[in-house]
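Chain lettering (A, B, C, D and E) follows the sequence in which the chains are written, and residue indices restart at 1 in each chain.
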């Protein structure tokens, strides 16, 4: 069963620090393959910290490790990076900018 | 010549150049369209006293009006474009805008326009809205039942006024019946109107007077009660004369109306059909009665 | 004025037909495809008109098979979805694209008829000053819009799109009429200065953002309106009947009954002049 | 050991130019005053002598140049992308290459503050340098940005806690608002946090504008924020001495994009009827502001420029890299100092793997992984001198603290330009 | 060696008024008669043609932070005003705010070889020089804005004039600038509090100094440092109905000190009815005529699109409020501010019409052409490519009358312009476009064709229509090399950046360093633009 969320992506310090070690490095991969979710949503979806979930959008899907984050219910945060971009469509509404923030996304346990 | 026993005098109706305009007045119902149009064209019998001559044509079905609602064409005739603008401004402003659910569109597809909506818009006190579609600009003016929509400019064109004929009858009753019959036939002609009450005028006038400052006076040669006091031009036995005056958007419209009206007037008790003219000195158009009747 | 419902999609004997020789995703700029430019030219002369294939200056003949005598009617066939600026600035004649069109089609046009059998790209009819554009499919962003930095979008004319349109349809439009039979994207009528956007399908979110004047008509589903709009009343907009009558005459299959009111009227954007309106069909 | 003072860190748009770098035995031994984000610029610098590669094989410089020139010359629709982590010296050459070639040139602005540039074209931009913030600002609003993660020293050097001439007590002399969809490190430092519903920035900004203008607002809540709270912010904005709004990707990347930003710019412009108010976009990459500047003075436009017709044309959504790639419109690419494979939507990233791509970058990155030709280049600000523009468009000279055997971006690009057949001749011939 | 032979030479600095002369050039210099060696020389037949020194623009906004935001702001300005890449020349775009290469090309194609960027905030001087590097052909320099500088105002307040002088010297060196620029002294600082100044004795908030003191002190400093140019002043109340009065007062306040008043047109109005302005050119011109210490440039308005850009922040906010539309503001820490507002000047607008005739009245009422330079304050009052039109207006009174008839009737009413029948001669034009500005700038090698001068020369074909004549020179030489033939580029060498390096007591640096710690966000040691960043450049000597 899947639940619909809004996804935002963005910079985290871990991502920025991992970046310097190379995008193939473990710190970077770890930093960019996680998804933050509110505790409320975690219980709603029925998953625990550290669980793997699959996020799915019309553009694509990918697996992420769940972290509890200080987020309002219904909102997910994934650090910017190649993993997040599997989920982002290429439509830019005529501006050049894809929907990196606010993308509707479905979550299912992996 | 005689037509159906009625003498058709060998004379002509002399008509003048005027400026004509046609508005399409619409409303939520045929009744309200008619009301607005009648009021806007009210008291417009003669240029002399009313500033314009006006009347309505047959109502239009919704699919033939600019806004898909019931509509009535209203025709206006003045001696100048300036006068037309002033008249339309007053008549649309007071007669149409005030009338429930109404809207007012230009009904003449010509280049020359007088400003109506573009001047009435100021009634909107800053809340008026302009809409422009394919060369036509509408003004939307807030009113108490919603919006009054009026087109910015109304087409004007050179037109013909003062087409006429006289019905001379044995009795008032017979004359009036003949005149009514004539009008009934003439209203079917689009682009022409008979501005007088019910299309008929009984107080025909001449352009002279014994009094200073009075420009027109009773058409004494056609007043039956003046026989003996002054010279009259009435056939024997004629006791009542009615005149029908026609204005049209072009020369042909007036002709068609006269052609429809004169034969229809040739009924029982009618002695003679005549027409008014000034010897061809004043008007550009001459409608010879014989030619009209022969077709 | 052409018949919108039965727009001549079939090739007629008097048109110049351009058939794209191949399919390619390299962007092409070909504003030379316009009745104004073809006027008085022979097939060979038309074939010599310039176009850009990516960064290469080429000729229309390199890109298209050209057939037909010179005339005010042009037909374009084959895959031209990456061909930009067809009918750009055209002032006359008719141009029919039998397929999908690229961006900027009919931008700055001031007269004539442009028909697109398929979908159109972004900037369809941008800053157009007159004429009619008729799209059988959908269209991209900024239909009838203003290019960056420009004060005014579409300034006259008619655009009809049967399918959906993208974002900011009617951006800064100053005059004219845009009719969308499908859904509109975000910010329909953004920064409208005047003019009318008639949305028969679902109206996109944040309609009329920044509008000064002008009218957005939502005949389908309408979104929650922005806080900068206020409800002003319910009425029967007679002027709209005038528009519909005009569109019926243009051949669009509409009826007065289908669009009869009443409509809820909202006014805004009160961060701008506040003289715009959104009419929502009840 | 040598200590270099006043070294500039190029990680983000703060361009902190007070870094102290100790170099010992040809390597960086210590970096002081740098933040966690920027430390890697020095600590993880890549300046080993590496040769370029073609198809993964190490080759001579000239061979790589020849291959790059061949790729670009054969392309019908080449794309030059990135620029923002280079210095203006490299950026200028990249634009020159685009001009010579007839290429499309786009920068990482298009996926960061491109929409901000579009808003500027629509509204203008009331702005100031960061020193004005430091010295004067008594009200600071962070909208859709999280400098505590992205611009770590911003607070201390320029904004929240910085002490300046009219703000001698630093944090105590300022009121700080944060508007964001989620609590962040930044919101935790704020006096007031407006937590917005995702995607409702436009509504909230529009409401703020209404309130500043004294228009009535009938709603009690907009975008998750109470109108009363917005009213209070509006009053503060009007009555402060010198207000500054910092804005970030929260506005440019969510639905509304440039329109969101334009609404903020309008708000800020109108606040100047009451007091003084400025807006500063939080530029990400160290010299992304420089790429806007360079491209603008050379072409007239800040990003999304096509030289395909021999002169510059501006086309956001048209000549922007994501769109060009996702639609398959680019048939070769030169990527300068950025990593689109890591940062672009998949559809666009995949195209880069499918076409011949040339990469200039000091470090290995995902794009280099799919590229045909890779030039390991010197790092401006570490082993090459250059110029970069801070987020407030102040140009800062970048020092070199290490020697390098690597070529700079400028040198590689110049070599490619020299290796290209002259395009002008072709243009003339067809005319 | 190259020779321009048989042309009618207009070289006012050397008193040559249309006499037929040969001009010889070698190694970028005009060759003295005794060194001429026609053997193997390349010669250009200028018989029947007019020869002048290369044009010198004393005041234009062509590069740097403001100009570039102007470019960024106005994509619509560039669309349709593009130039294709050709040969080795860059493509470019822009009408009121052209790209750097295009700017250099257009100036050269108009016969100009030296252009001064009129306002650079020292903090962003590096940006100006970066753009200079991409601005080909012409020699150029930057004026450095100082009229609202914190360090200076504090020194003035505390009566430390020598310190102020040393600071100015340091600042000019640090920014690689050419001259002191003063913009709305004190008013820009007050704008940072939402205000402005309106009188010369208004106080600058937080500094207890007045515009008058700032003008006086910088005037004194300029003389002390012996800078080649004089303080380049954009006074207070620009664009306002009382600007004429305050301009006359400012001239008095200068008290005989040398100065240059720029784009005087914008500062020569008196109030009319309501919001209407009228020309106050007569009283301003009279004040200029009697003050031999002054030079001015006009800032002539040209009808059409323009982009106003100035360090005068409050002025631009005011203009934005009047015009609506886009507005850029840019406050620069501790130094200055700035703003940009796009405009279009229309003859149907009464105030624009007054602006147009005010400029022409100044041109015609100021007696000594040596003290008037032709400018449009590009792109504020008009785009520099219209200089030929301005020349025609000055040379052809019939053309002037014809244009006057087309301006707004409210501007025509009571205007002085129709009474002014003066027509500039070619000699006068050579003064106001070359010799005069070069002299005012203190550029001894520019603006003339005497031996040792820079070999910058322009050759025109004389035509009845002076606009046509000056729009398309037959030849333009830069540093002795041909750069334009028949109005078309044939070469685009890099020109020089002209800057000054006045001496100062290095003890000042410690105080400035301290000021940086207090108020700046850039390290003191990263602030100065180094000579290596400039590329081709020349230090113009100071007298002191």
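We take it that contacts are C-beta pairs under 8 Å (C-beta built on N, C-alpha and C of every residue); 3 or more make two chains touch, one makes a residue touch a chain.
Quick caveat, the model's predicted, so the values are computed rather than measured.
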item: Per Cα centroids, the chain farthest from chain E; value: B
item: Result of counting contacting C-beta pairs for D-E and C-D, higher pair; value: D-E
item: Chain A and chain E: spacing of chain centres that average the CA atoms, whole Å; value: 55
item: Rounded Å distance between chain A and chain B, as computed from the means of their C-alpha atoms; value: 79
item: Centre distance in Å when chain A and chain D are each reduced to the mean of their C-alpha atoms; value: 23
item: Whole-Å gap between the CA centroids of chain B and chain D; value: 75
item: Multi-partner residues of chain A (each touching 2 or more other chains); value: 93-94
item: Junction residues of chain E, two or more chains touched; value: 73-75, 77, 79, 325
item: Multi-chain contact sites of chain B, meaning residues that touch two or more partners; value: none
item: For the chain B and chain C complex, residues of the former touching the latter; value: 26, 28, 62, 65-69, 103, 105, 129-134, 138, 140, 146-147, 149
item: Chain C residues touching chain B - in the complex, by the definition given at the top; value: 1, 156, 158, 175-177, 194-196, 213, 215, 235-239, 241-246, 256, 275, 277
item: Residues on chain C engaged by chain A in the complex (per definition of touch); value: 122, 140-142, 166-168, 185-186
item: Touching residues on chain A, where the partner in the complex is chain C; value: 93-94
item: Sites on chain E touched by chain D in the complex; value: 63, 65, 67-69, 71-75, 77-79, 82-88, 90-94, 97-101, 123-124, 126-127, 130-131, 134, 150, 191-194, 317, 320-321, 325-334, 340-341, 518-523, 525-526, 530, 533
